[in-house]
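Consider the two complexes below, in which chain A is the common component and chain B and chain C are the respective partners.
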Partner chain A sequence: MNATALHSEAVVSDETRASAKSAGRRFGALVVRLGAIAAFAGIIFYFVLLAPGFTSTFNLINVVEQSAILGVLAYGMTSVIIGGGSDVTEGGIDLSIAANMGLCAAVYATLLSMGYGDMLSVLAAIAVGMAVGALNALAVVGLGILPLLATLAVLNVAAGMELTLTQNTVVGASSPLLGFLVSGSFLGISALAWALILFSALVIAVFHYTSFGLRLYAVGGHPEAARAAGLSVPFYVSFTYVLSGFCAAVASVLTVSRLSASTPGSGELLLSVLAAALLGTVFSRRFVPTMGGTLLSVLFIGLLVNGFQLLNVSSYWVNGVQGALILLVVAITSFARGSEGSR
Partner chain B sequence: MSVSANDSPKMNLRAFLAKYSVLIAFAAIVIFFAVASPTFLTLANLFNVLVNNVVMLAIVALGLTIVISSGGIDLSVGVSVDMASMVFVMLLAAGYGGVAGVGGGLGAALIVGILNAILITRLNISPFLATLGVLFIGQSTQQLATSGGQPIYLTSGYAADQFNAIARTALFGVPTPVIVLVVVAVAVHVLLHRSVFGRYVQAMGAQPGVAWYSGIRVPRELSLVHMLCALLAGVTGILLSATVKSYVPLSGNAFLLDAIGATFIGTTLSRERKPSVIGTLLGVLLLAIVKNGLLLVGWNFYWQQVGIGVLVFLVLAASFGLRRASH
Partner chain C sequence: MTRSMKGIIGALTLGLAAACSLAAISSASAEELSLKGKRIGVSAIGTDHYWDLMAFKGIQDRVKELGGEVIALDAGRKDQQQIAQLQTLIAQTPDAIIEQLGNLEVLNPWLQKIRDAGIPLFTVDTATPHAINNTTSNNYNIGAEIALQMVADMGGKGNVLVFNGFYSVPVCKIRYDQLKYVLTSFPDVKIVEPELRDVIPNTVQSAYSNVTDMLTKAPEKGSIGAVWACWDVPQIGATQAVEAAGRNEVKTYGIDGSPEVIKMVMDPKSSAGAVAAQQPYEIGKTSVDNAARYLAGQKVAPFTFVPAVLINKENAAEKGRPFLDAAEKAGVK
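Moving on, here comes the complex of A and B:
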C-alpha cells in the first residue's frame, strides 16, 4: 500500500514538474522520511505486542499526563527554533528554558507556602517566566549576542536564583488549582492531560493556521527576505523568546501539581526538551520544526519511557535509546537533505 | 568603517572598550576583590585557585577551543571526562597499575572522540546534534555500568598511592596538575596558532566550503579535532579522579557550561571573534577568580552561580553590544 502511495506521489510530481530528476529526489526524501517514521512505529508496535497493558486506555492517558510538562517546554523550544532559524550554532535556541521552569516552580511553590492565593502565585510565576524570556530577547535581539551564549548565561542566572530561593530543598505546595490539576477530570481524561491537549491545540493553531505563524516561519527561514518584505524581525524573534518563557511558567505549574512541590534538578529536562524539538523535524515534509511534529516526538518519548517501565527494562536505557534515535533521525535527515541539496 | 574626523575619538573609545572588555572586567574584578577581602591577593589563595579551580576546567576548555575554532561544538566533553575517570578508577579497583589505568582512561575518552568524529564526518550530522546524541548515550552507559550512578571511592591502599602519585606530587615546587596544564596549553597554542594543522582548523572554522575547495582534507582534520578534544577532556578526567580519589558518575557535565562560557569569553579578545588559547585561559581565570572571590566575601554557592551568570552576561553584552554600536 505504501509503495503505491509513493508511486502516485512520484507520478504526481513528475506530471507537475515534468522533471524525472526532481521526482527521484522527492521520492528519495519521502522514502527516507517514511523510514524514520517506520522506525518510530516499529518501536511502538514492539511495545504493543510485548508490553502488558501498554494499549489500555488508562495507560495511554497516563502517558499523555506524563508528557504534559515535556510537551509544553518543547513547544517553547520549538517556537524559538522556528523564529530564530534552525542553524544550531547561530540560530535560535533557548538553553535556559528548563532552568527557567525550575525558577518559576520555586516562585510558585514558595508563594503558595507563604499563604498567598492561587491567582497571585500563578501570575507571579508567569511574570517571572516571561521576564526571563524577555531577558533572553534583550540579549539576543537587543545586544546581538549569539542565542547559544546568551541563553547559557541566563541559564546560570535562573538556576542560581532558584537555588537561592529554595536553598536547594523541596518546597511543598498545595492549593485548589493544584488539587484540580491532579485529581480533576472531564470525559474520563484528567486535567493534566487536558492541559497538554488544549495547549497543543492553541500553539498548533497559532503557528500553523494564522498569518502570524506564517510570518514567524518567514523570519526564521530567511531574516533578510522577511525584513525586505516589511516584517519587523526583532519583534517576531523577541516574541518567540518571551513565549518560551511563558511556556516555562505554564510547565512549572504542571510540574508543581504533579510532584505537589517544587524540587531541585529541573535543569536535567533540558536535554529531553532539545531532543523532542529536534526529533520533531522528521515529521515535517521539509524537515523543519513544527508544533505537530514536536507533539508527536514528545508522545513518542513518553511511550518509550512507559514501554520500558512496563517491560521492566532499566530506565537507564532510556537516555541511550533517546540519544541513538536523535543520531539516527538526524543522520537520515542530513542524508535526505544532501540528496535534495545536490542540484 | 568610514568615520568622520569629528566623532572618531568616541568611536575609537567604543572599539577599544569592545576589544578589551574582558581585560577591563578582569582588572576591575581583581581590584574589587582585593579591596573587599584581605585574603584574596595572598599567594596561598591564588595558588589554591590555580590548582583547584583553574587546571581541570582549563584543560577541558582548551580542547573545546580547538573544536570551536574548527566551527564546531562538542557537548559531550563531560562524557569524555567521565569515561576516562570511570575506566581509570575501575582499572585501579581491579588491581591494574597506574600506567594501565591512565592508558585505559585516555583510551576510553579517545573512543568518545572517535565516535563523534565518525558521526560528524562520515554521517554528516551537525556537531551540535552528534555530540548531543553521544552525551545521552554516554550518560546511559555510565548509569548501566554503575548500577544507576553508584560512585566508586578508592581512598586507601594501592589505588590511593597511585592517585597521590598524580595529584599530590610536585616538580620544583610546582604541583603535577599545573605542569600538565602548562604542557597542554603550550602544545595547544603551538598546534592551533603555529602549525599547518592549526591553519587548516582556522580555515575550516572561517569558511568550510573554501577550505574544502582549497584541498584541505576536511573530514580527516575534523576527526583529529574531535579526537584531540576528547583526549584533553580525558586528561581532566584522570586528574579529577586522582584529586578526589573517586569516580562520581555524571560529574563531568559540570565542566561543559563553564568551558563553553570561558572559550566564548576568550573570543571577545579578537576582532573576528576567533577562539584563542590565551583568550580561553583568560576566560577560565576570570570564572575561577569570580568564584573564589565571591566565596571569600561570603556569598554561598547558590549566589555564586547567579553572580557568574550575571558576569558572563555582562561581559558578552559589553563585547557584542559595543562592537555592534561601533560598526
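Moving on, here comes the complex of A and C:
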C-alpha cells in the first residue's frame, strides 16, 4: 500500500514536471518559429532594399512563373506528408515525385513528337503519373514498406523507365497547349503563373476548407484515432500518393512547356521540393505542413534565387543557404515535436 | 580510295587555310577594347567539365580586364535553372549576354527572347541564329581530323564504339556528323549499333562500364578497333576500361583536350589514341572581345574560330606541353 502511494506520488510529480517542461519547450518553439519567420522576412526585406529591380511587377511575375513547377510538385509532397504523418523517418514522404515528373514529361514529349495530339498526350502523362503514385500506394499501404524506402525504390523505377524511353536524350516538343502555356497571358500575368495561382487555390480549398481535407489531417496526425472514428486510413493514405503522382504529371506538362522539350535530370528537383514542403511547416502554429505554408516557402525559395542573382551573388550560395534553412526548420520542428512527444 | 583520301585532305587544308586567315583577320584588328561601365551577363549550363570551366573563366577574366561588370551564372547542369537565370537576366537588362553551351532545343526560344528584349547576344560554342557571334573551335575541322586519325590508326577497317548521348548539343552534332561523313569514304569502318550513350554526371564511370560491357560482348581481339566520343571525359572512362580489359589493340578518340587526357595521349603505353585539343580559355576571352567590338559600334562576323590542335601519339610530346602549361597558368587542374 505504502509503496503504491509513494509510487503514484512520484508519477504525479513527474507529470507536473513534464507538463511544465513541455510548456517551456512550447514557448521556446514559438520564439524560434517567430525567429525563423523573422529571418525569412529579413532576407526578403534586404532584397527589397538592395536588389535592383527586385520589386518591379515584371520581376515578381517572373518569380511566380519560375516557381510554378516547384510549387505543383511541392503540393504533391505536402499532401503525402499530411496524409502519412510528418514523422521524418516513418511518416509520409514521396521521394519519387521528381523522377515521376521526368517520366511523365518524357511520355508527354515522346507522344507529341510521334504526332499524337495534346488531348491524348496529356491524358497519357496523367495516367502514367497516377500509376506511379498508385505503385507507391501499393508499396506503402499494401505491402507496409516504409515510405522512405518504398518511394526510393519507385524513384529508381521511374528514372529507369524515363531513361529507357528517351535514351537519356532531349526530346523536343511543341503543341498548341505548350504554345499557350509559353506565350499566353491574362491581365498581364503569364499562363504559367496562372497555372500556379489556380492550382494553389484548388489544393488550398480542398485541404483546408473541406471535410475531406480535415479527415486527411486526422489520418496523418493520429491514424489510430482516425481508424477508431471509422475513417478508412488506407484509402486516405493511398489517395495522397496518387495525388502526388497527379501533381507530378501536371508539373511535367509545365516543365515541357518551359523547356520546349523533355530533358534528363528532373530528379535534381527533389531537394528543392523537399525543402519547400519542410520549410512550409514553419508557417503553421503547430508545425504541421499546410498548402499555404508550402506556397509561401516555394515563393521564398524562388525569391531567394532571384534576389541572389539581382545582387550578383554567386548562385553557388543558393544551395548552401537552402540547405541551412532546411536544417534550421527540421531542427525547430523536431524541437517542437519533442514537446508533443513527451506528453 | 587514295584519291578520295587526297580529296579530303585537300579540302581540309583549304578549310584550315580559311580558318587561319580568319583568325589572322580577327587578331589584326586587335585595338584598344573597353567595357567600362558595361554590364555583361554570362550564362553557362555547367562548369563541371574542364572545357566549360576554362571558357567560363576566360569570359569573366576578360570582362573584368576590360573594365566591365560581370553577372556570372552557372546553372549547374540544370536546364530549369538555366532558363530561370536567363529569364531574370533579361529583366536585369545587361548591355550584352554571353551564353555558353546547353541544349539548343531548350535554349532557342529563350535566346530569341533575349534578342526580342533588344539585348545583344553572343555565344560560346553554341551555333544559333539568334546570336550576333558564336566563338568556337572549327568543329567541322576537328570532327573530320579526329575521325581521319582514327581511320588511319585502324588501317581503314574495323568496328568503332561510338558515344552519341549529346546530339542535341550543337558542337557534338557537328563532330558526329563529320565522323559519319568521313566514314562514308571508308565503308570497312563500321559503327557498332546500338550506339552508346554518354551521360552527365558520372560520365567516366558510366563510360567505363559501357565499354567494359561491349568488350565482354565482343571478346575476340581485334573485333573492336576504336572508341569515339564527341568530348574527352567519356574517353577517360573508355581508355581505363580498355586497359583494364587488357585489350590494348583498341584505341580511344575524343575532343576538348582536358589535361588528364592530354597526359594519357602523351603516355606511349596508354590506349588513348588522339585528342583534339581546344583552347577554351582563349575562346571565352575572344567572345568578350567580340562583344566589346560590337558595343563599340564595329562590325562583328557571325562566327570566330579559335585554332585547335590534334594531339596524337606521334606529336604528343611536342604539342601537348603548351596545353598543359596553359591549364596550369589558368589555375585549373
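For the reader, a short list of remarks on this structure follows.
One rule holds in what follows: the second predicted complex is superposed on the first by the 301 of 343 C-alpha atoms of A that agree within 3 Å, B and C clash if a C-alpha of one lies under 4 Å from a C-alpha of the other, contacts with A are read in each partner's own complex, and residues count from 1 in each chain.
By our rule, a residue touches a chain if its C-beta (ideal position, glycine included) is under 8 Å from a C-beta of that chain, and two chains touch if they have at least 3 such contacts.
Note that the structure is predicted; figures quoted are calculated from it, not measured.
Looking at the shared chain after the overlay, A:L327 reaches chain B, while chain C stays out of its contact range. By the touch criterion defined above, A:I69 lies against chain C but remains apart from chain B after alignment on the C-alpha atoms of chain A. Of the two partner chains, chain B and chain C are each touched by A:N168. Counting residues of chain A touched by each partner, chain B versus chain C, the larger count belongs to B. Once the two complexes are laid over each other on the shared chain, residue contacts for A:G117 go to neither chain B nor chain C.
In the superposition on chain A, no contact is made by A:G184 with either chain B or chain C. In the superposed model, A:S314 makes contact with both chain B and chain C.
In the superposed pair of complexes, A:T263 makes contact with chain C only, with no contact to chain B. On chain A, the surface patch touched by chain B in one complex and by chain C in the other comprises residues 167-168, 314, 316.
Touching chain B in their complex are the following residues of chain A: 88-89, 139, 142-146, 148-150, 152-161, 163-164, 167-168, 271, 274-275, 278, 314, 316-324, 326-327, 330-331, 334-335, 338. The touching residues of chain B, counted against chain A in their complex, run 71, 73, 119, 123-126, 128-130, 132-141, 143-144, 148, 257, 260-261, 264, 300-310, 312-313, 316-317, 320-321, 324. Of all the residues in chain C, the ones that touch chain A in their complex are 69, 71-81, 83-85, 87-89, 91-92, 103, 105-106, 108-109, 165, 167-168, 197, 199. Within the complex formed with chain C, the residues of chain A that make contact are 52-53, 56, 58-59, 62, 65-66, 69, 167-170, 172, 182, 255, 258-261, 263-265, 268-269, 305-306, 309-310, 312, 314-316.
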